[in-house]
Amino acid sequence: MIAIPPPFDLLPTLWRGVGVTVQLTLFGSALAFGVALIIGFGRLSRFRLIRLLATVYMELFRGTTLLVQLFWAYFVLPHFGVEFTEMQIGVLVLGLNYGAYGSEIVRGSILAVPNTQIEAGIALNMSPWQIMRRIILPQALLMMLPPFGNLLIELLKGTALVSMITLADLTFQGTLMRVSTLRSLEIFSLVLIIYFLLAYPLTLALRLFERKMAEGRS
Amino acid sequence: MLWNWDYALSILPSLLEALQVTIYATIMGFAFALIFGLLLAFGRRSKIRVLSLISGAFVEFIRSTPLLAQLFFIFYALPQLPYVGISLSPLTAGILGLGIHYSTYLSEVYRAGIDAVPRGQWEAAIALNFSKGRTWLNIILPQAIPPIVPVLGNYLIGMFKDTPMLSAVTVVELLLTARIIGTHSFRFIEPFTMVGILFLVLSYISSLGVQWLEYRLNSRT
Amino acid sequence: MVRFHRVSKSFGDLEVLRDINLEIAPSEIVAIIGSSGSGKTTLVRMLMTLEKPTSGTIEVDGELLWHKKENGRLVPADEKHLRKVRSKVGMVFQQFNLFPHMKILRNVTEAPIHVLGLSREEAEQEAISMLEKVGLGDKLDAYPSQLSGGQQQRVAIARALVMHPKVMLFDEVTSALDPELVGEVLQVLKEIAAEGKTTMLIVTHEMDFAREVADRIVFIDGGRILEEGPPEQLFGNPRNQRTREFLSRFRRTI
C-alpha cells in the first residue's frame, strides 16, 4: 500500500464522518420540511387553539437553542425512560428545530399570495380547498424554495453540533484525530474545506434558481 | 417527582453567574461583528479588485462553514500557524469566532442598507462637492443604517443563541456550567431545562424589543 | 334577476353603502357610475360574495344570496348555499387577477374542470373558442406575465364567461389599462352586450361607453343611489344637482 502524503493521510478518517454529516442533513431536512408545513399551516388555522399551539411550538424550539435541545435530548430524555440512538437524536432535534424556523417561511409565503388571487377563485366559485390547492399553494411553494434552500445550508452547518453528543460526524472525527495526532492545523483546515465543498454547491444552485425565477417573472 | 425545586433553586445563582459570561461574549462578539462586518462591506465595494475579491471569497467561505468548526480552528489550529501563530484564551477565541462568523452576515446586511440609499443622494453629495469620507459619514451611512437596525437586532439574538457552542472550546458559559453541575450531582433535568428556559425568555423578550423597534421605524416614515 | 333590498354596508364605523334598493331585469345592462369612494365597487363585490352586507338582503335569480330560509325565518347562508347561488354570478376585476402560475389556456379551463366537472377535452374546446372570440386564440401557451394588460383583461373576461354565469359583474375593468388598450377591452364588452344573453352590471368611468351600451345608468354618491334612468335622460338631462356636478367634473377632467 502506498502511504498518502500529509495532510491527505487524514482524509480517509474524516471521510467516514462526511457520510454521517450527509445523512443527518438529508433526514434532518426532510423532517424539518414536514414540521415546517404542519406548524406553518397550524399558525394560519381558523382555530385559535391550533394557532396558539403552533406558535408556542415555534417560539419554544427557536428560543431554547439547538445545542441545549441536543443536550436535553441526550442527557435528560433517558431519565424519562426514552432511549434514542445518537443518530436518532440528531435527526429528531435538527428536524424539530429547523422545522420551527421553516414554519415562518411556510406561513410567510402563503400570506404573500395576494388576496386578489383568493377573490378570483371565489368569483370562479371554487371551494376553499380548491383555492388553497390550485391557486395559493402552487404560488406559495415556488416562493418557499429559495428560503428553504438557505435553511438547508444552515441545517447542514448545524449538523456539526451533533459532535457534542458524540455522534461521529465530520467535526467529531476532526476532534478525535486532534487528540490522537495533535495536527490541529491540518485537521481543521481540511474539515472547513470539506464543509465548504458540501455547502457551496448548494449556494450556487440556489443562486441559479433565483436568477431563473427572476427571469421568468419579467 | 422528577423535578426537584430545592435543587433547582440551589443551582440558580451559579447559572446566573454563568449567564454573565454568555452575555459578555455576546456583546463583545457583536461589537466585533458590527465593525468587521462594515469593513467587509466596504471591502466588497472597493474599486481595488483584489480587495473586493478577497473580501467576497472570505464572506462566502465563512458563511458556508459551521461556526463550531471555525471555533475549533481558532482555538486549536491557529496556534500552529507558522510565524503568526498565537494562542488565545478560550473566551477570546470564542468572541473572535462569533465575531468573525456574524460579521459575514452583517456585511450583507450593510450592503443591502447601502444599496437602498437612492442614487440621487450620491449625486447630490458630488454636486455639493463633499469629500468621499464626508459623503459616507454624513450622507450615506446615516440613511443606510437606521432601516437595518431591526435586522441587526435579529442577528444579535441569533448570536446570543449560538453562544452555547463556546462550551466546545471550554468557555465556562451557561451550557457548560449546567453540564458541570449535572455531572457532579448526576441530575441533568434541572440544569439543562433551566438553561433552555433562560435562553427562551431572554431571546423572546429581545425579539419583542426588535419588533417594537421595527414598529417605531415604520411609523416614522 | 338581481334584487338589492335595503342593503347597507359598513367597514367599522365607516358606512359605505346605505339603504340600497336596486332591481335588475334578466339580460338588462346596467352601468354604475360615481366618484371613487362612492361605494359602487362594494356594491358589486357584495353580489360576488366578496363582501358581506351589514344589513338587508340580496337576491339572485329568485334565490337569497347571503341568507337562506329555514322554517320561514332568515338565517345566514352556509358555504354550500353560497356556492350554489354564487354559481349564477361571474366577475371581471380591475386588476385582472389571472393566476400567474398557469398558462392562459389553463387559466380558462381550471374552473370549468374542477368546479363544473367538465372533462378536460370539453373544457379546452370551449376555452379555445372563447379565447378566439376575444381575439387571443394564439396565446394559449403563454403565461399571463407575457401578455399586455389589455390581453390579460380579455383572458379574464373569457375565464369568467366559460362559467356561464347569468349575471356578469365588471368592476372598472379598464381602469388599470394604458389608454391605448382600453378600446380592445370595451369592444369585447360590447360584443357580449350585443348577444343579449347575459345580465351585466358594469362599474365604469367610461361615460361614452356606458351611454352607448347600457340600458340604464345608476349614479351612486356618498353610499346612496342618487339617480337612475335611461342613458339619454341621465346624461342628457340629469335631475339631481349632484349628478350634474359629477358629470360636468368628469367632462372637464377627461
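Side notes on the structure shown:
Lettered A, B and C in written order, each chain numbered from 1.
The definition used in the following text is that a contact is a pair of C-beta atoms (placed from the backbone, for glycine too) under 8 Å apart; a residue touches a chain by one contact, two chains touch by 3 or more.
Worth saying up front: this structure is predicted, and the values here are computed from it rather than measured.
When chain pairs are compared by contacting C-beta pairs, A-B ranks highest. Each chain's centre was taken as the mean of its CA atoms, and the one lying most distant from subunit C is B. Among the chains, the centre nearest to the mean of all shown protein C-alpha atoms is found for A. The geometric centre of subunit A is 21 Å away from that of subunit B, both derived from CA atoms. The distance from the centre of subunit A to the centre of subunit C, each centre being the mean of the chain's C-alpha atoms, comes to 47 Å. For this pair, subunit B with subunit C, the centres built from the Cα atoms lie 55 Å apart. Along subunit C, no residue makes contact with two or more other chains. Chain contact summary for the complex, subunit B toward subunit A: residues 2, 60-61, 63-70, 72-73, 76-77, 79-81, 161-162, 164-165, 167-168, 175, 178-179, 182, 188-189, 192-193, 195-197, 199-201, 203-204. Put simply, subunit C touches subunit A in their complex at residues 48-50, 79, 83, 86-87, 89-91, 93, 95, 97-101, 110-111, 114-115, 145, 159-160, 163. The part of subunit A that touches subunit B in the complex is made up of residues 59-60, 62-69, 71-72, 75-76, 79-80, 153, 157-161, 163-164, 170-171, 174-175, 178, 183-185, 187-189, 191-192, 195-196, 199-200, 203. On subunit A, the positions that touch subunit C within their shared complex are 116-117, 119-120, 122-128, 130, 134-135, 138-139, 142, 216-218.
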